[in-house]
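Lettered A, B, C and D in written order, each chain numbered from 1.
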Amino acid sequence: MIRLVYLGKLADLAMNDTAEVAGPLDWNSLLAAVPEAVAAQLGEERVHIAVNGAVLTDRCSLTAQDGDEIALLPPVSGG
Amino acid sequence: MIRLVYLGKLADLAMNDTAEVAGPLDWNSLLAAVPEAVAAQLGEERVHIAVNGAVLTDRCSLTAQDGDEIALLPPVSGG
Amino acid sequence: MARLSLDNPRDVRLLDKGLSVGEALAAFSATYERAGAIASFLGKTRDDGGTQALELTHYEPLTLPGMERLADEARARFALDGVLVWHRVGVMTPPQPIVLVAAAAPHRRAAFDAVDFLMDHLKSASWLWKREKRGGEWRWIEPRADDHDALARWKAD
Amino acid sequence: MARLSLDNPRDVRLLDKGLSVGEALAAFSATYERAGAIASFLGKTRDDGGTQALELTHYEPLTLPGMERLADEARARFALDGVLVWHRVGVMTPPQPIVLVAAAAPHRRAAFDAVDFLMDHLKSASWLWKREKRGGEWRWIEPRADDHDALARWKAD
């Protein structure tokens, strides 16, 4: 299984902080695997994707296997 | 008597922090009353004069009577 | 008070409890006692009457490593003796400290600029997500346009 | 630690003894606990190997009143909740604090700018005279050209 981690408002939209989905996943199958409200947000350029703690420069190049962790990172705000 | 207060390097030049001189004093008699090395410094625009804690806008307008305190204020440096 | 021990030349922390600004800055000043200039910034939840609570979420694999890289970037960019970058995570209520940044340097300008640089990047370029509770409702905060403008200053040169 | 009591909205002091930065900033943060932003600057005698001692002279009738006016000017100029302006006088040896400035404000920019403004003016527009002892010789310090440039920034607008 692949672990999805929803950060910030994506966790609200997914109504969960995490989810497990069957691998492998690419960008299109990720869009299909997440709740519709999350998929709509992923359409925005400002959501970043990290695989096993490494942020993807080109998120469309996503490939993940069972055992990987994919984090969905909406716009940040700290300080 | 008028009390003169030498600040900063002027105290070194006067070899004293303070001095007493007879009043009244105007700008020219002040120049005559202080040690030569101090008078040379007073020639510079950057030395300010305060009478009884009030800095003179035009130091040439100096007038002081017995009982007054004249402070001679060279360029400052704090912080 | 007991001396807090700081990592030198950078001390970067994510804190899930309150922080004591006095203790932290006393320790920072002692750690860099030969530095001529120490600038600091403390950001607190603003008690403007409306904010009931604030929550900061982080993502373990990214947030702290990203802050450590940011601290190193500040050290590379400015002539510093050392930096401190502490950020709260979790739920907090006003008035509680959220972020404390300090920079020690031989000269004032470098210390000031480093703190400014670190704050701009923590605010809108670190892996943190902030939400606010007002009137019983939680709302996610996104950086404002001027936060992005502030960040862009550092990219111009 | 015992709570230090600060004058609100400005606490201006000439100190003839050492100052505890941790205690001062803890008290400052507590005094303005509703402020979202607190910026501070601590200047210390720089222990560059050569400086054996430093002496700061003041002139009672001018120095403290001038610093109080400066603090009020900062409050008039920036949107602040309060300021702290402390300056050491007398003889000190490295590494000792010389100056501590802090500003509390609703927003970060105002707090930063106020500390910057206060430091520029303390450095070259306050009634203080500094001399340094190096190699056994005392030498009076005058502001450098860039100190005057720093001051001029605030007059342009």
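Worth pointing out:
Everything below uses one rule, namely that a contact is a pair of C-beta atoms (placed from the backbone, for glycine too) under 8 Å apart; a residue touches a chain by one contact, two chains touch by 3 or more.
The structure displayed is predicted, hence computed values, not measured ones.
Relative to the C-alpha centre of chain C, the farthest chain centre belongs to B. Chain centres here are Cα means. That of chain A falls 75 Å from that of chain B. With centres defined as mean CA coordinates, chain D is found 27 Å away from chain B.
In this assembly, the C-alpha centroid of chain C lies 23 Å from the C-alpha centroid of chain D.
Chain contacts: chain A has no residue touching two or more partner chains. Multi-chain contact residues of chain D (touching two or more other chains): 43, 119. If you check each pair of chains against the touch rule, the ones that pass are A-C, B-D, C-D. Here chain D touches chain B in the complex through residues 43, 56-57, 59, 61-62, 65, 87, 98-99, 119, 122-131, 140-143, 147, going by the rule given at the top.
Looking at the complex, you find that chain D touches chain C at residues 1, 20-23, 25-27, 29, 33-48, 94-95, 97, 106, 108, 111-112, 115-116, 119. By the touch criterion stated above, chain A contacts chain C in their complex at residues 5, 7-9, 11-12, 50, 52-53, 55, 69, 71, 73-79.
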